[in-house]
Amino acid sequence: MVGPIYIIAIALGTAFSLGFFKKANSNFSFAFMLFAMAFMTFISGQWLYAFLTQQQETIQIFTAGFKPPFSISLQMGLHESVFLSLINIIGLLAAIYLYDQLREKGVQMMMIFVLLFMGLNVVIMTRDIFNLFVFLEIASIATAGLIILDKSINATSAGFKYIIATAIISGILLIGIIAIYYFAGSLFINDIIKLNLIYVKGGAVAVFLVLIAIILELKPFPANGWALDVYEAAHPGIGAVISAASASAGIFVLAKILPIVGDPGYYIIGLIGIITFLGSNLLGLKQDKANRLLGYSSIGQIGLLLTIIGLTPYLGDKTLFIAFGVLISHALAKAGLFWLAGIINSEQIKGWAAIRRNPHLLVLMGTFIFALVGFPPFPSFFAKWELIMQLANNDKILWLALILIGSFIEGIYLFRWFGYAIKGENEDLPEFKIQWNKIIPVIVSALGLYAIGYYYSTLTGLAANLNYIPLLFIIFLYAIDFLPVYIKNTISIAGIGYYLYITFPDLEEFRLIFALIFLVGGIIILLAGYAKKGRRSGFYPLVMMMFAGLIGLIEANTTLEFFFAWEIMTIGSYFLIIRGKKSMTHALSYMLFSVGGAYLILAGFGLAHIGQSSYSLDILANVQSYAPIIFTLLAIGFMTKTASIGLHIWLPGAHAEAESDVSPMVSAILLKAGVFGLIVLMLKMGAQSFGSFDIYYALAWIGAITAVMGNMMAAFQEDAKRLLAYSSIGFLGYALFGLALMSHLGWLAAVSLSVVHFMFKTLLFLAIGGVVMRVKTKEMYKMGGLIKKMPFTFISVLMGIIVIAGVPPLTGFGGKWILYNAVLEKGWFLPAGAIFFAGIIAFLYCFRLIHAIFLGQLKDEHREVKEAPFWMLLPQYIILAVIMLFSAIPNSLLKPIGEAIMPYFSEGALEWQGNLAISNFGYWNGELIMYIVGGIFVVVFGWLWFMNRNAQEVKQFNIGYSAERPSLPETTHFAYNFFAPYKKALGFLVSPIISDFWEAVSEGIHAIADKIRRIYDGNAQTYVLHIIAFIVIFYLIAFGGSYGI
Amino acid sequence: MVKNSLIFIVLIGFAVLLADLFVGFNGNTDLNTLANHYAVSGPEEVGSANLVTAVVVTYRGLDTLGEVTILFLAAAIVSFLLKVEAGASRNRKLRSTSEILDTASKILVPVIFLFGIYVFINGHLSPGGGFQGGAIIASGLVLMLLAQPAKEVGHKLITLVESISGISFVLIGVAGVLFAAGFLDNKLLSLGKFGTIFSAGVIPVIYIFVGLKVGAELSGIITNLQENQNEA
Amino acid sequence: MEFKNIGYALLTIFIVLNYGLILQGVVRKIGARVGRRYGIRWYQPYIDIIKNYAKRSTITHGVMFYIAPVFRLTGGIGLLLFMPVIFGSDIFGNFSFAGDLVLVLYFQFFGILGMALGAAESGHPYSAIGISRGLSQVTSFELPLTLGVLAVAMQYQTLNITEIVAAQQGGFMNWTIITNPFAAIAMLIAFLGAMGRSPFDVVLAPQEIPIGPPTEFQSGLLGVLQLNRAIFPAAKLILFMNLLFGGATNWAELILKTFLIYMWPVFVGTVFPRFRVDQSIRWFLTVPLIIGIIAIILI
Amino acid sequence: MENLNLEIITLITGIILVLIGIWGLLTQKNLIKIVIGFTLFNTGIHIIMVSIGYVKNRTAPIIDQSVNINDVGNSVVDPVPQALVLTAIVIGLGVTALMLTYVLKMYQKRKSLEINNYNDLKW
């Protein structure tokens, strides 16, 4: 094997030789440099391979033929080789990326570039503390050189700030090193470690100085203004190197000197880390320049790494796994984003809207963003999972909370940025061109993320069962994205169908019920996809991703599998939502609520895991401590998906703006994931209370209020799809209420309502989608009289609203009846009153929906409107058939659900005599009611027909209108602000308090961020002052208290 | 004012920190083990009379390589940043120099160069070494440029010297790995007789290259800065 | 279920229809006399119906429009038939074995919604305005009504109307209005809204809007609606009689009780002027709601 | 005043130089003066380093006539800090050269040495 020392030799030799070449030979010199980088990568990779596969022992390299401490020694072990490989690969890619710049700017830049990586390599390998200083200086100076790649004034002044700041920091480091030498009499790190200098008077300060200087090299908040300016001003290709490679090396150095500090250092590092993580991400919120934003994010990620290192005592042997997972995700993703930034070449993040001219670039960007936030299947996901589990296990709740808050804040700006990329205005943006040398590094880092993510999942052990088959199917669909829509639709349906077929035998109880909702529902809704023309680029992988997540939820046995699936589902649904029109803000709020909810779930799982070795979902059934808190966290997490009041503001926009067949998916199916989560949670955890305060009673109220508010807001909408969206909120309020009752009947109501909701919401969204497709507007008052143009759609909507209204004889009534009985059994009358009140309010929007669209006066411009396409109608009528079946034979629906509930709640179950359901309080025979009502109806109709058979059909305006003939449908069709008096009386209830609240929260945080970031006033002196003050303050913290470093 | 008082407070804090660091410092009365080893075994192991040189070039040779690299980097960056774009019109307004300076420099510069070479060749025997020698050579160049501001110094030559000496340094290091005990091992050449010019193994060789390299690098920096004088 | 049930059902409908029509006429007559007018003949409702069926020209605005009266009347008849009309009588228990109180409560809306749909298809803005007002008002009194019903159901631990009536037998001291006064008051106030008389009669608003939702209906279609106007209020009276006033064991008792109950909205209507919709919504959601909550709390 | 040995005096001088350097670096508005502040800071550190390596009443670690070849261990000062300071000085030189070059470039672009004129990048 090639010795690590040759890394130095090759790099230096190359750098020195480059002086021979002149500009005319720039291609040759570039190749020469690239060869050096490749050789360095090869050496480190070869060692990595040896360590991983051949039980290679860690080796020491002694320079000058003497043993340490007399000479400088280098070390090559597994950790070194991992970091070296990472850094050198990034270096190689960065070199390829910078092909044009390096060639154009001449050999000096190539020398600097190679030397930077030489410096970083030695920094990692060296075991001599002064040598560390020297090579850190090399890296710093080389970085300063690379910053001025384009020689602009901004770059130069940023470079100046960088030099001043790093020079001060290295001065501090030097003082610390020389003091350490004084106290230890050695510069060999291994010797110094043995001496426990922190217990020596003065030695502790020396160690502190070294520690703080190394930390300062990592740009902690708030002493990092210089670094931000550098990120902003430097060429993105250089930004990538600083953010990914230099930071990785810095982290390694910190880990290397940490043993010198010993245990007390963890506290300081953790403190600085969390401050950096929170502070930097917070300030990132106000940032609208892409490169600077990446800078904030980079610093934030380093803060997270510092936190993790600081938490080592609690993370134990998992520290490395966690830290490296975060680091590699950060390094590859951040490098990838910087490189993309160089391709897009837009200063403002809004300018990234240009990126979607090439969808593949968008996929790459999405990969990086999701990897940064910690979504599966990336290493950061597993790392974050493990981090939270370990923190919870050690009862570090505050740390856990702070880390999740910081991650959440990071998610805000990353997803806002991503939103601009997907949906922002890109009409006037300049074109960008993609060069092979720029795109290859991006692709490699994205692939690296996936590969390492997969590798990481195998490392976790318990993730070994993660189901990657659906994900492979997604990749397959991505690969065949060029095919026309009907082929992909067929393949998708077949895929889901086949999956259902193979998993069906293993499913039972609730899993079966929800699997049917998810998968059969998915197939039915996908049928509508045949109505689409063209390629529908990118749609199918996303749909399948959502379904993969849903399937995963069903199949999950462990908390990790559950969470994995939950996040996959979130990704898929996010993309589906953002595909809609004007969906940018809605998709963002959806994502934020999802991420927030997911973090609550994560925290809940973490706390539940305390004191239990298993990761099975069953741990929820015997949690050791914090039970009510765990329950609340998980419940709120799931309720973000069911859009309970307070957490609902994402839903209306998201559902209303989605495509016509996506709306039913996200509304009728996706929301059920939250219900499923609640069911799992409640089954496992059972009754929970804070002291004497019953959490379920609170849930019942939340459900009730959600139902009232959702329905009332639905009644006031002018936009048909928005109306349906609010109606979903309301309906899931019922379901929540039913679940909260924790009784057989309550659950029967909740689950059957969920099934019914799936059916009618699919029906209505498809029907309304068909209407919108034809009339090209969603505003209901702009429609009217469509019954004669779209009779089949009308029938769907009619049946749908009868089901919503819960009027007998259709199946919606069954749910109401069960709910009444359940309430009588339980006795929670006040929330129940609200629930039934909500049920009546549902009439308002139901009527409005059908009236404003189908009844009343037909608009002139709609005279030529055609019926919805066959493929839109087909799924509706399939569902209609099922609704009729369930209405006529209610026990075909209720009995299986009842049986699923039976094992958990047997008391108060319904007694079935044929189709007569008997409860403790009353009885109901759905079939009979159907016949009776049908009978009466036929008789009365017959009577009317007999008396009145020759009724004459009249024209549109032939109405008794105060003796005047109206001429305009617009003025005659009473539809706008239909419930004006209602709004006058109760409108105050639906004043947007909740959205105002969230808006105020958001405004407040942004305002704070804006205030704080003023500390970065762009003046190098201020930055140096920050550095010195940072040292002094943490000196006081470390030594001021009784703590002592 | 507020800012200045803030700075003052911070500085006091920093002073307290430094005071705390050195509060126990009371001078040394003895060498520590490491230094003692260098002092006692150094002459024998390395063969250099100047122990600092022994430490700098051999024991801590990697540092020195890094040091040279830093200068190299600095020179490269300076030359990159201050590179005058080809074709750019050069209208430097240069002050004419006095006769005395001009004449004196003609006599002194060769002497200074010679002295510099002497210093680095004798680096292992007397105070001095590659860096010092290089700096002396560069100072001669400063004098020359002061006397004849319009003189164009051959960048090509500087680069050539710089590169060749740098590569040689690295090659000596690698040779140590291949033919002796390790990177930059001194015993590549025989240690010779202690206290003579041809002693101390490769130290004098390395110091020659270091001296040339440092001289070239510093000269490069100086000429670049000088050429940018009054440049628009 | 046997076929003779259908016969009994028809008998019930016949009795209640005639009772409803006569009640309508008589009450209008009384109202007129109280207002020092001569008023209509007591059998005027019969004449109106016959006149409407006899009209030769009939127009329709579409299918929904045509079947709306059918929905309306089906709602009325269904409501009547899903209740036990005469306590203890198998014959006049009709179809109450198909469902309990919840069914009855929700079946009221069957007709309302059907009617609303049909009226809306007429394309007449007044219909739509009337529907908007009507639905708004329905939702508002539904809340106190629901709370009252829950209180009553809880009181008797059943949703079975027959059992509720049975529990009230044995003298008026056992009637719900005595045993559970708050629930009864809440329900009776809601009842005012349900009957649609002044002050809650803005839906039909005879003065400003020519008769609200049914504006466009004429001839036979209107005739069917008029049949319902006889049956539906009578059915509601019977429901409240069953829940609050001990039900009836024979037709005479039923007629007496329902007539007296009917006087309650009539009196209130005579005394109070009409509310706007928003006023009535606000009112229903204050006083009766509070009473309803008290009823619930006291259970 | 017994404690005020040579090494203590130089040490204190070094510390004061460091502080003065930082003060200058933080308060001066002229870029060149800021660089001078840095060199003072740097020099202070170098003096501290040398002071630390000093051993009372000994000579430079060069074996010549003044040093007994058989008793080197008891007659010379610590060579290590001197070697380190050599490296540190060279590094400081490189950094200073870079700073000056950047200042020169900035001056060329904007004709100003006032640091407040280079605050374009912020927040």
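Going in written order, the chains are labelled A, B, C and D, and every chain counts its residues from 1.
Everything below uses one rule, namely that a contact is a pair of C-beta atoms (placed from the backbone, for glycine too) under 8 Å apart; a residue touches a chain by one contact, two chains touch by 3 or more.
This one's a predicted model, so the numbers in the text were calculated from it and none came from an experiment.
Student: If you tally the C-beta contacts, which comes out ahead, A-D or A-B?
Tutor: Output for the comparison: A-B.
Student: Give, as an integer number of Å, the spacing between the C-alpha centres of subunit D and subunit C.
Tutor: Chain centres of subunit C and subunit D, defined by C-alpha means, are spaced 99 Å apart.
Student: Report the inter-centroid distance (CA atoms only) between subunit B and subunit C in whole Å.
Tutor: Taking the mean C-alpha position of each chain, the two centres sit 106 Å apart.
Student: Approximately how many whole Å separate the CA-defined centres of subunit A and subunit D?
Tutor: Comparing mean C-alpha positions, subunit D is 51 Å from subunit A.
Student: With chain centres defined as C-alpha means, what is the inter-centre distance between subunit A and subunit B in Å?
Tutor: Centre-to-centre distance between subunit A and subunit B: 54 Å.
Student: If I count partner chains per residue in subunit B, which residues reach a count of at least 2?
Tutor: Residues 7, 11, 14, 18, 22, 25, 32, 34-35, 38, 59-60, 63, 66-67, 70, 73-74, 77, 81 of subunit B each touch two or more of the other chains.
Student: Can you list every residue of subunit D that touches 2 or more other chains, as numbers and ranges?
Tutor: Expected reply: 18, 22, 26-27, 52, 80, 84, 87, 91, 94-95, 98, 102, 105.
Student: Would you pick out the residues of subunit A that each touch at least 2 other chains?
Tutor: Each of 130, 134, 137, 141, 144-145, 148, 151, 156, 175, 179, 182, 187, 1025, 1028 in subunit A touches at least two other chains.
Student: Report the complete set of touching chain pairs.
Tutor: A-B, A-C, A-D, B-D
Student: Considering only the defined contacts, which subunit A positions touch subunit B in the complex?
Tutor: Per the stated touch rule, the residues are 3, 5-6, 8-9, 12-13, 15-20, 61-66, 69-72, 105-106, 108-109, 111-112, 115, 118-119, 122, 126, 128, 130-131, 134-135, 137-138, 141-142, 144-145, 148, 151, 156, 175, 179, 182, 185-187, 201-202, 205-206, 209, 1025, 1028-1029, 1031-1033, 1035-1036, 1039.
Student: Enumerate the contact residues on subunit B facing subunit D in the complex.
Tutor: 4, 7, 11, 14-15, 18-19, 22, 25-32, 34-36, 38-40, 42-43, 49-52, 54-56, 59-60, 63-64, 66-67, 70-71, 73-74, 77-78, 81-82, 125-127, 129, 131, 195, 214, 221, 224-225, 228, 231-232
Student: Quick one: in the complex, what on subunit A touches subunit D?
Tutor: 130, 134, 137, 141, 144-145, 148, 151, 153-154, 156-160, 163-164, 167-168, 170-171, 174-175, 177-179, 181-182, 187, 225, 228-229, 232-233, 286-287, 1013-1014, 1016-1021, 1024-1025, 1028
Student: Where on subunit B is subunit A touching in the complex?
Tutor: Those in contact with subunit A are residues 6-7, 10-11, 13-14, 17-18, 20-25, 32-35, 37-38, 45, 58-63, 65-67, 69-70, 72-74, 76-77, 79-81, 83, 159-160, 162-163, 166-167, 169-171, 173-174, 176-177, 180-187.
Student: Could you pull out which subunit D residues touch subunit B in their complex?
Tutor: Per the stated touch rule, the residues are 3, 5-8, 11, 15, 18-19, 22-23, 26-27, 52-56, 60-64, 69, 72-73, 76-80, 82-84, 86-87, 89-91, 93-95, 97-98, 100-102, 104-105, 108.
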